[in-house]
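What follows is a group of structures, each given as structure tokens.
Here come two complexes built around subunit A, the first alongside subunit B, the second alongside subunit C.
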Partner chain A sequence: MRSSPRAEPKGTGEGKSRVGLPLLFWRPFRRRGRKEEWIAALGFLSIGLLLIVLFVIWPSIRTIWFSLFDSEGFAGVRNFARLFGDREIVDLGRFLRREPPWGALLHNFVWILVHLPVSVGLGLILAVVFSKIRSWWVGIARGAIYLGIVTPLIVGGVIIRFLFDKHAGMAPQILGALGAPTPWSAGWTAYPETALLALVIGSIWLWTGFSMVLHSAGLSTIDRELYEAAQIDGASELAQFRYITLPLLRPVTLVVAAMTFLWELKIFDIVYVATMGGPGGASNVLALEMYFSAFRELDPYRASAIATLITLFSLPVGYWFARRRLRR
Partner chain B sequence: MRKRNILAKSIAIGVAIIWALPFIGIVMTALRPSREVLYGWWYPPFHLSIKNFVGAWTHPTAALGIGLRNSVQVAVGATVLPTLVASLMAYGLGRLRFPGRGPLLMLIGLLLALPQQMIAWPLFREMHAMGLLNSLTGLILAHSAWGLPWIVFFLRGYIETLPVELEEAARIDGAGRLKTFLYVIFPLMLPALASVMVLQFTWVWNDFFLALILIFDPNKMVLTQRIPLLRGQYHVDWGLLSAGALITMLVPLLVFIFLQRYFVKGLIGGAVK
Partner chain C sequence: MRSWWRVLGVLLGVSVLFVGAWAEKLIVIGPWSGAEADPFVAVLDAFKAKTGIDYEYRTMRAEDLSKVLPAQFSAGMAPGDVIFMWGWWIAKFADHMADLSAVVADVPFAYVDPLVVGGRTVGVPYVVFVKPGFWYRKSFFAEHGLQVPTSWPDFISLLKRIKAIPGIEDAAASGDGVGWPLSDTTEHFILAYGGVNTFLGLTEGTIAWESPEVRAVFADYLVPYLDYASEPIEWTSALDLWWEGKYGIYFMGNWITGMVDDPNDLGVFALPGAKAVTGGPDIFFVPKYSKRLEDAVKLASFLMSKEGQERRAAGGGKLVVRADVSPTAYPPAERALMKALEGFTLVSDMDDTIGGEWQATFWDQLKLLWVKPDALDDVLRVLDEKFPKG
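So, the complex of A and B:
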């Protein structure tokens, strides 16, 4: 990082503090001092910082603050302890032994476990496959997948519900014709066994495009000659993928995985419109539970604890991501 | 070689069908009378009807016509304002060397990962206290502030790729910082600004959560908020809902058709670079 203040050369024109605020913008560069540099920066940054502090940072601090209290006063980490004992959040007794609800946190966890490898991997594979052939089917496939990332998630949720509807939906109708039993041949979003699965599948359908687009862009930066050299050495297509494509795309894959993780963690719209977390909480997620807690049950303390929890999960990834982008 | 191509092509065909079918289903359902699609949109007969669109547009509790107007206002405001503010910030962070710049960049970077839930409740109270609850202005401000960190990051990255020589030339000609920014940097930033605006516009348009918590006056609700309301309490009218979904998708669809290049560039620049 070349932003380290200590590494900067000392200003040459120190002591020019007579400059008024309106004047600072046309100070000649060569006479700038450190202090003036700072004031000038303030001029450029102030409006934006004001907005960010007012509507992002201050509310976040308030949320952390709220999460440490309950209706009786200071609670320390009690809210968080309560969350982990709350069946709406974590229900280890049912987890994997019975059908959902398993609690919002575990639903997010399962969601990530399934969705992350599938959508990232599928996007990678499709990007590679589509780069190899020319066919107008590729155009259609790319277009349809791409459409998923520009689709408002609220519409995405409607489409998921539609896809798995008992009467109008394709999935249950096809499975029913194949002789599948009840939850599978009925409205998926109405049964606890299938509701979460329907949402996860739908979210893969919506999000694979992100991975595909970024991986496609990454592919176009790989030097063709590497493949030609490999072909001369007799490397199979699979070996080329394994030893050239995959390692060279690794930075892209990591970024895609990080962004996907953050996306899954805060998933809200799809669930809100398709199932409302139901039936009986079987497809509830943290973000939705936070919304219910804050705006339906009017319990800002619990809601703040949930929000802080989501942030605690996202921050390490966010830190890694920010460091990576600042290091360049 | 032959076998490889056939495999790749069949993957493309399968993927094209699976990914396109849900969209085709929505279009088919929206364009046909409700009784035809009750038991699946793939069954004949096929008759064209715009009743669903009219119904969604003038729905008694969730008229999309008004929603569209509100969405346009919010999306335009929450695109122009943060883009201008962020380009100033990006110049400050990209070119000026001041103490605290590193930590400040880090802080802004961390904000990129913040979930909206983290600001929801206090923001609601703050907007209430400021009298901005239930107002499009409030929503525009919230969206602007929320979008600023990523736009600043994006634009700062872009500014650092610009040659410093141009600014030095401007300096020799006697231009100050603000002038240098306005006449040298800002015009050079236009391609990046296009990407930023397309992406931010689409995101604000698509957003549901901030609107949900800040707007509840039926006349002021944006498009995405009205979609869940189109769904009946007991009975789902798929024709109406599909038409609503298509109206809401109108803008992302236009972006998809005409501005794909900028959108993808923005995604790539925002994520990979």
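So, the complex of A and C:
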């Protein structure tokens, strides 16, 4: 059946290459061509847009602007050059020798490298496993895992601190009973070798629920007939997962991965509460370094440069995410 | 329809009453909570009874206030009427503080002076905390036949004897807040074995942390002590563990007297050879944006009056700043402490005086040193690098 010209106007087709930000506004209105709808839409959006401009866009522009200055005046990109020469941000030498601290930026990258695949993968596996089990405890288990995501991160940080505490912590106690040496049997957050790892493990617990819930929702949209057909064809459980579940959940997995990446990049609360970036900067991250610059050093320029850096790193993912939403 | 109007009227009335009651209260913000706040709240209650001015006490650490206040000041606002904050921070934001010169005009200060910037009194020391040394339970020492050390070898020998006691995890507990109890311990070592001049030189930035005399204090005294000290443990947990007998001694400030079950079982000793101890004031300011400036000044005057100071002294845990408050105003534990401090010079706490990012770095580097004593040279280098320039 052919689409009518009105339903598929010239120049606003669904081709991927032409999808972009302007379409968000243009497509529906060009299709309908009604000025009143424009006015009504702007009316509805105006308060929200105004708030976004005032509290997101304007402060962002100011922050970027500030990052180009220092206490002596215009500094261009000098603040950024200083950041990359600062051992607190990047210490490649120690990183290569595997002696923490490696600098806030590298800590963020390590965090992403470990946390992203584990929390996304674990959430996916849990969602699939729970979807296959029909038992009374599945709901409880789901709820318990999801608890991490509804727990305020400040509280999460306190829990992590005690989870890895020498006396109260489960992990050091178990490892100590198994004969593990210090620091594994001591307070993980007190030692530079284990502090970052403790935070990453704690954050996996906090975030896996998010991945699990989104994947569970994605699973419920997959047509059961696909699995039935595969079973008739003799496909194993693993083959069904590999060739049906994984590809059909791909959009959800990508969204979860993008959100997780952004969350990891701006991680602050749990570090602030559990270790304050220590000991000796071994668990410092960019957002905490920004905080120290702004509220301890009282240096808004360095803090703005770090904030801009975080924005620059998150921009590609944010852009991809926005494009994806628009395409849908 | 009429019933709707009634409901609306009642809601409006309740809202007005609620907002009115809320707005009437004088907001006091301090760092203490729980048992530590009780003596201060008792003073506020006395103020309320005397003047009829109602108050609301809110707990906020200086760390948290430092995030809130700059933005509020920029908007010409303040979250409270009387606020306790770091001294170095008050000095940096002096333009936003009300002048309290009249409040302190007749106050005979004993340990510290008010914070004056540009001829205006912007911060008023209310109480003083002292870090007198290592606390022990008299019953624990008596049970195990332990004596207060009189020399450095004595001190090491004491640590060895405590560590050998069955059930003891480490001779000394190391409390960790965000690192500050470790800084207190370190400052005590510097004062005892580097001397007051070295201590003041480090505070003022005229002596480097990597200088031989400072390094010697760390290498010859602090690092050997760390062999007998626990890793940093959250300081209130450490207090409980020490009190239960998992550790023999615990370095902490005098506020500990208000936090243990039996203050009369407490004993304290400074490191052998120490002639000075560190201490510092809890300082308050009144923001010039206070909506109840007059009442805030009234409260400030009451807090600094002889009556207000005597009431606070009776609560224990801190020493008040007025010189005319008699030692008999204090509970027995504080009286004993004052006696123990006779002959000692009180020096301003180093990290609180320097403040800023260096303070956080100092805390953090000491947390590293505590678990990695072989990182001493790195720690000293970072402390030099991070010291405020100019």
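FYI, the second predicted complex is superposed on the first by the 280 of 328 C-alpha atoms of A that agree within 3 Å, B and C clash if a C-alpha of one lies under 4 Å from a C-alpha of the other, contacts with A are read in each partner's own complex, and residues count from 1 in each chain.
Just so we're on the same page, contacts are C-beta pairs under 8 Å (C-beta built on N, C-alpha and C of every residue); 3 or more make two chains touch, one makes a residue touch a chain.
In this text, all values refer to a predicted model and were calculated from it rather than measured experimentally.
> Given the superposition on subunit A, are subunit B and subunit C in a clash or a fit?
Superposition check on subunit A flags a clash between subunit B and subunit C.
> Quick one: classify A:A177 as touching subunit B (first), subunit C (second), both or neither.
neither
> Applying the document's definition of touching, compare subunit B and subunit C: which contacts more of subunit A?
Between subunit B and subunit C, the winner on subunit A residue contacts is B.
> Given the touch rule stated above, what does A:I133 touch, subunit B (first), subunit C (second), both, or neither?
First partner only, subunit B.
> Could you tell me if A:S60 is touching subunit B, subunit C, both of them or neither one (first, second, both, neither)?
It touches subunit B, and subunit C stays clear.
> For A:D165, using the defined touch cut-off, is the partner it touches subunit B, subunit C, both, or neither? Pick first, second, both or neither.
Both partners, subunit B and subunit C.
> Considering only the touch criterion stated at the top, classify A:F295 as touching first (subunit B), second (subunit C), both, or neither.
After superposing on A, A:F295 lies in contact with both subunit B and subunit C.
> Regarding the shared-chain residue A:Y191, is it in contact with subunit B (first), subunit C (second), both, or neither?
A:Y191 sits against subunit C, while subunit B stays out of touch.
> Looking at A:G281 after the superposition, I want to know if it touches subunit B, subunit C, both of them or none. Which is it: first, second, both, neither?
second
> Flag for me the stretch of subunit B that overlaps subunit C after superposition; candidates: 37-45, 73-81 or 127-135.
With the two structures superposed, the offending stretch of subunit B is 127-135.
> Between subunit B and subunit C, which residues of subunit A are contacted by each of them?
Residues 161, 165, 167-168, 291, 295, which sit in both footprints.
> Note which residues of subunit C are touching subunit A in the complex, please.
66-67, 70, 92, 176, 178-179, 231-234, 237, 241, 356-357, 359-360, 363-365, 367-368, 370-372, 375, 378-379, 382
> Going by the contact rule at the top, pick out the subunit A residues touching subunit C in the complex.
161, 165-168, 183, 186-187, 190-192, 276-282, 291-293, 295-298
> Tell me, which parts of subunit A touch subunit B in their complex?
Answer in residue numbers: 1, 3-5, 8, 24-30, 34, 37-38, 40-41, 43-45, 47-49, 51-52, 54-60, 62-63, 66, 126, 129-130, 132-133, 135, 137-138, 140-141, 143-155, 158-159, 161-163, 165, 167-168, 170, 173, 205, 210, 213-214, 217-218, 237, 251-252, 255-256, 259, 262, 265-266, 268-269, 272-273, 286-287, 290-291, 294-295, 300, 303-304, 306-308, 310-311, 314-315, 317-319, 321-323, 325-326, 328.
> If you look only at subunit B, which of its residues touch subunit A in the complex?
4-5, 8-9, 11-13, 15-16, 18-23, 25-26, 29, 37-42, 82, 85-86, 88-89, 91-93, 96-102, 104-106, 108-124, 126, 141-142, 144-146, 148-149, 152-153, 157, 168, 171, 174-179, 181, 202, 205-206, 208-209, 212-213, 224, 227-228, 231, 236, 238, 241-242, 244-245, 248-249, 252-253, 255-256, 260, 263-264, 267-268, 271-273
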